[in-house]
Amino acid sequence: MDNILNEIGIENYIFLAVILFSIGVCGVLYRRNAIIVFMSIEIMLNAVNLLFVAFSTYHQDTQGQIFVFFSMAVAAAEVAVGLAILVSIFKNMGTISIDKLKNLKG
Amino acid sequence: MDTNLALLLLLAPFLGFIFNIFFGKNIGKTASGVIGTLAVVLSFAATLYFFTQINASQQAIQIQLFDWIQISNFKVDFGFLLDQLSVLWLLFVTGIGSLIHLYSISYMHDDENMHKFFAYLNLFIFFMITLVMGSNLLVLFIGWEGVGLCSYLLIGFWHKNQDFNDAAKKAFIMNRIGDLGLLIGIFILGSTFSTLDYASLQSAIAGATNLDVTTLSIAAFCLFIGACGKSAQIPLYTWLPDAMAGPTPVSALIHAATMVTAGIFMITRLNYVFDLAPDVQNIIAIVGAVTSLVAATIALVQTDIKKVLAYSTVSQLGLMFLALGLGAYEVAVFHVITHAFFKACLFLGSGSVIHALHGEQDMRNMGGLTKVMGITFFTFLISSLAISGIPPFSGFFSKDEILLVAFENNIALWIIASLASLMTAFYMFRLLYLTFFNDFRGTEEQKNHLHESPALITFPLIVLAILAAIGGLISLPTNSWLNGYLAPLFSKEVHEAHHFGATEYTLMGIAVLGGLIGIGIAFYKYIKQKEVPESDENITGIAKTLYNKYYVDEAYDLIFVKSINSASNLFRDHVETGLTSLVFGLGKITNELGYQGKKIQNGSIGLYVLFFVLGLCAIVTYLFLAQ
Amino acid sequence: MNVSLLLIILLAGALITYLSGDKLASKVALVFSLGAFGVSIALLNSLSLGEDINFVAPWINQPKIAFALAADGLSIAMLLLTTALTPIIIFSSFGTEFKNAKSIYSLILFMAFAMAGTFLAADGLLYYIFWELSLIPIYFIALIWGNGDAEDRKDAVIKFFIYTLAGSLFMLVAFIYLYQKAGSFMIEDLYALDLTLEEQTWIFGAFFLAYAIKIPLIPFHTWQAKVYQKAPAVGTMLLSGIMLKMGLYSVIRWQLPIAPNAAKEYMDILIGLGIAGVIYGSIVALRQKDLKKLLAYSSLAHVGLIAAGSYALNLDGLRGAVLQMIAHGFVVVGLFFVAEIIYRRYETRNIADMGGIRKQTPKFASLFLILVLASVALPTTFNFVGEFTVLYSLSQINIWYAVLGGTTIILGAYYMLKMYQHVMLGETNTKPFAEVNFNEGFALVIIVAVLFVFGIYPKPINDLITPSLEHILTVINR
Amino acid sequence: MSTLIAIIGLGILCLLLEIFDFRKAIIPISIIGLLAVLGLNISEFNSPEAYYNNMIIVSKFSTSFSALFIVLTIFLVALSHKFHENNQAHISDFIAIKLFLLAGAVAMVSFGNLAMFFLGIEVLSIALYVLASSDRKSIKSNEAGMKYFLMGSFASGIILFGICLIYGAMGTFDITEISELSYSAELPVWFPIGIILVFIGMLFKIAAVPFHFWAPDVYEGSPALTTALMSTLAKVVAIATLFKLLTAMNAEISAEFQTVIVIVSMASMTVGNIMALRQVNVKRMLAFSGVSHAGFMLMTLLITTNAAGTLLYYSSSYALAGIAAFSVILYVCYNKNNEDINNFHGLGKTNPLLAAILTGALLSMAGIPIFAGFFAKLFLFNQTIQAGYISLVIVAVINSIISIGYYFKLILAMYNKEPNEVRTATPFVIYAVAVIAIVLNIALGFFPSLVLDLLA
Amino acid sequence: MSTVLIIFCVLSAITLATAFLTVFSRSPIHSALYLVICFFSIAGHYLLLNSQFLAIVHVIVYSGAIMILFLFTIMLMNLNEKKEVHRPRITRLGAIVAFSLICIVLILVFINSKPIVGEYTTTGDDYQSIKVLGKVLLNEYMVPFEFASVLLLVAMIGSVLLSKKEKSEN
């Protein structure tokens, strides 16, 4: 089987991943809604996952894909904990806007 | 034997001091006075022994005790030297000292701290002996500073009065200015000749090839500054009149007879240094002459009896320096001795008067004391005649020699010195007339208590008056015992006994005439016209300038004291705070940065992430794009 | 017997004092400090017998740091100063009731320990450790037992701490740099280094910062007056009597031999700084209203002269500096004790509130006067010996140095006598002033006795320190 | 390896004890267990080995750092008892999370594969997120948790990206292989970028400027015990891991990279110290102090000789001082809703021993002899100068001076102010922890070679 | 242009567009839905790269589990309204700057680097079938696999700790 990268080129995947990653970064900065911020972080992680798979193909190596599993596990765990914190905040403050999280400063 | 005796000579007053300071209070006033006096008398007796020995053998006695200060190229030890000069000095120091101690037993009897007074007097004598006996410059320096200290203690003896304390402080500090000069001189001599011992110094100088005259002159000049401070010469003379704040015996002992002559002693001691520095000698002569004139003019109008005597002392010391500057050391020494006699007598006499008037010192409030205070008056009269240079009293001989030497060297100096002598005669008799003649001008109460002083006071007066009268015998113009006695000390040939020709006799005549003129004017003014000096506010013109001592004190105050104080204020209030804020300003700035920095940390996650991203971009850009 | 015994005694003393409780603390501390003094004397004896009293043990392998203590005449002299002053200081405090006495006395002993260590250390890093260590006790002594407004005191003390630490950290950097060169912190190895002038200049500068602040030289003295004023009497005595001698000692022991060429290069500036300190300190002291501050500035002036002597780089300068250090140590302790005695009775340090005391307390007045006179270097006091030697050494460099430095004898007399006049003399004070009690008098008498004995017979100390100074001088001129 | 397994087992045991209602026994058993683990760990010291396809590499480095982590965890677990007194129901959760966190930490210093590294750091981070927000009813704690979580996930993303690029360049996650491959000449640029991204992610974890902004807020908001954990254990773990990452992968540290490290190090020290000056909250102050210490510890990356030993020494001294300080802070601020400095007023009078311990801890952090902090700085400076970075050392020295300002602010508050309340009796555990920690610190100061030469 | 490339481009376009919309959409629900689409498109990429198993897992984990969690939370908190406050301009500016910067910098770095030359290798070995994945995961990567369980355990305990109602609360 021919390596698919001969058609597309690993650079393109890198660029795609970078842009996707950057959109995620942008989202973290742009949005005040904590849930959307979470989502943005997920986008970042997914961008990396995508690149992992691309590299895995590039090297014709399984490990990259294995790592994606771990990365997914981590993402899941993070989201679980993150949402738990979020719920806790919502209970206490009635909002999930991260703009309201400015009590600690200075 | 000699060592022990010399140590006794030295330490007897010190033991007196120790005894009086620790036990004086318990043993009663008279006892402490007696012990103090005995201590000095003991020294006097020892001195007499040494005097006879040295006079006979012409052999100096050297005593080395132990190492004191160690410098890389020489050592200084506690060493003492008894030679003609020191023994001579010791003689009148301990002699007059004993008399004044005796005098003080009565004079200070009313003072509650009499034991302290005697302790200090003893300490003074001890330091004076150290000064004189030291075999090197540093031991001299011990005494030099020590007598300054005692002067400080005794001027400020009545320490409740801050004016007296000021005077004491002033004396100490002005002396210290001189002391610095002396120290610098010692440094130069020490580093040039690697010794401070008189004898080695003399041989080093004598043996030295191609001496650096400039260095030596600088050294001599520095030493002279030291002498200026101690012997109250321009410009360091203003402390001496102020020092009259002390009890009168102190004025007599320290500020007339002994301590103030230390400068002359030192210069005489180091005559071989000064001989090699003619420029400095000229300076000394000029300073001496000017001092004698300036002090004499000031003395013309003073109304405080002790102030007059003080300026008179300054003036006489000026004459001695004149002689020193002209290289006539033995003449200066001669005048020192005669001056010690008559000036001590004058001071003690004035003390007797003050005693009788319960502390009154203003001559405008005196007068007519001849009747009640006969002995005092006669002794005072003799001394006044002596200081005025009237033959055959001692002052005549010594002063005449100075004038003679001055005339031989420089006519201008002679004129100045003669003028000073004339004025001396005038103000002394002005003093005498105002104090003892005419009617009493004091209060009724004082008048009722007028009395002649007790025997303990009059006895020293009589002894001193006799000495003042006959003291000239030791160095008669034609047959000088003193010159011969001192001759081994001087490198130069001592002046041959003057060939007494017409010039000399004319000069002598002029001097005597001058004295008589001065006395005459005083007689005319204060006996004939019964003039009494105006009260302070009515003094005008030159008299006012003179009365205010040419405003030198004020000028010094303005130039030195005020400026140093305002510098101190400036430093304290501005420079210190400035420096502090400069150094700790850095801390403040850091602190302020911290305060401002807190604003960046504003709690916003967005901002934090932004910084994160910016940091990331910066690092990546630097590493991968900027290369 | 070796020098570590001294350190052990002091350290153990600190510990036992702390454990002995508030009541006994002062006495226990006194006993231990006297013990330390005895050990110093014994060490002196051993040294003169030529026994080996050094103590060297390996400590850290990498970097190579040894626990090396060595004592030559100079160190022993400084140790004697430390261990003689410590009991005096402790004894002088017997009239003061301290809260939590066990802590303060144990801190005093600890400080003595650290200072003794500084004088003994032969390993650069060990020396540095002791140097820093001595800072902590004085910090707490001044902070906790100090006087005046707590906020003010806090400010002064913390500034002092930061400032002195700031200086010494640069010294640490210098030591580390030297270590890179020498491969060891041992003093002899550092002496043997052959550094370029540029390196020496930097090293010298780093050391200088530490020492100039500690000594202090102008313009690094700004911490001094405030801290002296705010610290309790014992603290001020420790600071001025011993601790600032640490700086001067270090100049002679470490700075000059390690970077001699730099010292020679900048000799004029250094001496100038010292002398400027003399004049500046004296002038500022003149118009101080607070007695302790005045004494602080007088101390500034005196140490300026000592520093100038040290930097003169000749035997007389070094010797004079050491003599003057010891003399100044005693005098300044005495003077601060006098201030404390007055404070105990009048509860003020403001000179304007004093005056007219002499009449009431002749003994105290006499002792005070002697101290004043010693401080202005009257001949036959120890201070004169030191000052004369230092001034002489300066005159060897340039006669004007001696003249300018010599102004101390004029200005010093001026401000000290002025102070004495306003504190002691004048119309009898309306407030009663009790005569010194036995303890106070005893402490003062001992100080005065020391000053006179060595003022008349300084030879033992001279003989003690001269060989080591000559050794240092040969290193400097290597 | 067995250490790691044992720790996880211990964590699970905790959960089991809860189920079987041995709540009271949890803490003692954990401590005893941890001591046993410590022994186990030490026994591995001299038998370096790689386990399970190089997933875990036990080396001197890993065992010695693990030992440090375990010791710190023992202290923290011991302190939990008092801290969670009012929350006994969850004690097993807290302890278990801490034990798992320790497992993550151990994995981070003994990883042989980037997967283990990543998982380790995530276990650590997630445990910390939970602990930071564990005081559910406190808005501050919530906020701290949220901030930490958001920024931490962001940083995880960066690290993941970095790992991905390294993988892209090397085709493997095994660090031994990566290390071998890194010598080959033809490396894609991905490798250095990957390294840099991981590096930056780790800089976030150790709170180095400019990635430090989370630290003060999170430290302040978190429950004090968590703050103690973050500022001691977590920081030490992160720096040790960073060190291991850069050295084990043999990433060539180019001159430019060194410049970056130097600048970050300088910036961290300076910003950390300056910002700490004006803080009133002690935890916040210590957070900034931690930032500056991160800067110091970064210097070890530049050192050429015995860097690991120096790092171990520095982090031990720092962490021990931190534990001592925090145990006092825990005591003082118990039942208070803030940790402001004025709570410490007069502690020197009311509780001299604890005040002395806190003083000692702060002095150690400030680098005053004879505390270990001094020697740590000394060795660090020594070797940094040896490596030729004298300007960095001078900046470090200036920073040490600045740091005195705020450390002493706290000391001053304890000794110079009047106490504003009566103190209650101190629980034995706090005394024990504080005393042992400070004694260990001083012992380190007296015998630095013991630790320093471990990794030489 | 090959088919694969076209598919890639289309997929990429969808991915980026939906990611973009996720970030900029006003309603959280919309965001979530866009994100689901984004995830699906990423799964498409995986399929394109012939890693079917991963694609499926991805869909299950992300689109299934995680997104459901998100949506659930949104619903739970009733956050559907657009109550997000107006963002200050500076925030938007910051976001845009950060986005452009990180994007440009990273892309520039990769462009600047040496392009990959030559053919991409093909070993022909199976490296991404379920079988191989399973083997690798449970042999070589056994330890991380187990360790991931610890991770999940921590997350679980944590979530429970943070959200379990305490007895005392009611």
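The first chain written gets the first letter, and so on, giving A, B, C, D and E; residue counts start at 1 in each chain.
What we mean here is this: a residue touches a chain if its C-beta (ideal position, glycine included) is under 8 Å from a C-beta of that chain, and two chains touch if they have at least 3 such contacts.
Quick caveat, the model's predicted, so the values are computed rather than measured.
Student: Please identify which chain has its centre, taken as the mean of its CA atoms, farthest from the centre of chain C.
Tutor: So the farthest one, by centre of C-alpha atoms, is E.
Student: State the pair with the higher C-beta contact count; candidates are A-E and D-E.
Tutor: Contact tally favours A-E.
Student: What whole-number Å value describes the gap between the mean CA coordinates of chain B and chain E?
Tutor: Chain B and chain E have C-alpha centres separated by 102 Å.
Student: Approximately how many whole Å separate the CA-defined centres of chain C and chain D?
Tutor: Going by mean C-alpha positions, chain C sits 42 Å from chain D.
Student: Just the number, please: Cα centre separation of chain B and chain C in whole Å.
Tutor: 37
Student: I'd like to verify one number: the distance from the centre of chain A to the centre of chain D, where each centre is the average of its C-alpha atoms, in whole angstrom.
Tutor: The mean C-alpha positions of chain A and chain D differ by 27 Å.
Student: Among the residues of chain D, pick out those that touch two or more other chains and give their numbers.
Tutor: Where chain D meets two or more other chains at a single residue, that happens at 115, 119, 122, 126, 129-130, 133, 136, 147, 150, 154, 189, 193, 216-217, 405.
Student: Where in chain E do residues touch two or more other chains at once?
Tutor: Each of 91, 94-95, 98, 102, 106, 109-110, 112, 116, 140-141, 144, 148, 151, 154-155, 158-159, 162 in chain E touches at least two other chains.
Student: Which chain A residues reach two or more other chains?
Tutor: 10, 14, 21, 24-25, 28-29, 32, 38, 58, 61, 63, 66, 70, 74, 77-78, 81, 84-86, 88, 98-99, 101, 103-106
Student: If I apply the definition of touch given earlier, which pairs of chains qualify?
Tutor: Here the touching pairs of chains are A-B, A-D, A-E, B-C, B-D, B-E, C-D, D-E.
Student: Show me the residue ranges of chain B that touch chain A in the complex, using the header's touch definition.
Tutor: On the chain B side, the touching residues are 598, 601-606, 609-610, 613.
Student: In their complex, what parts of chain B are in touch with chain C?
Tutor: 21, 66-72, 78, 116, 138, 141-142, 144-146, 149, 152, 156, 159-160, 162, 165-166, 169, 172-173, 176-177, 179-180, 183-184, 187-188, 190-191, 218, 564-565, 567-569, 571-572, 575-576, 579-580, 582-584, 587
Student: Across the complex, what residues on chain C touch chain B?
Tutor: 159, 162-163, 218-220, 222, 225, 280, 283-288, 314-316, 319, 356, 358-359, 362, 366, 373, 378-380, 385, 388-389, 391-392, 395-396, 399, 402-403, 406-407, 409-411, 413-414, 417-418, 421, 424-428, 456-459, 462, 466
Student: Which residues of chain D touch chain A once you look at their complex with the stated criterion?
Tutor: Spelled out, the residues of chain D in touch with chain A are 114-115, 118-119, 122, 126, 129-130, 133, 136-137, 139-140, 142-147, 149-150, 153-154, 156-157, 160-161, 163-165, 167-168, 171-173, 216-218, 220-221, 279, 284.
Student: Quick one: in the complex, what on chain C touches chain D?
Tutor: 59-63, 103, 125, 128-129, 132-133, 135-136, 140, 143-144, 150, 153-154, 158, 161-162, 165-166, 169-170, 172-173, 176-177, 179-180
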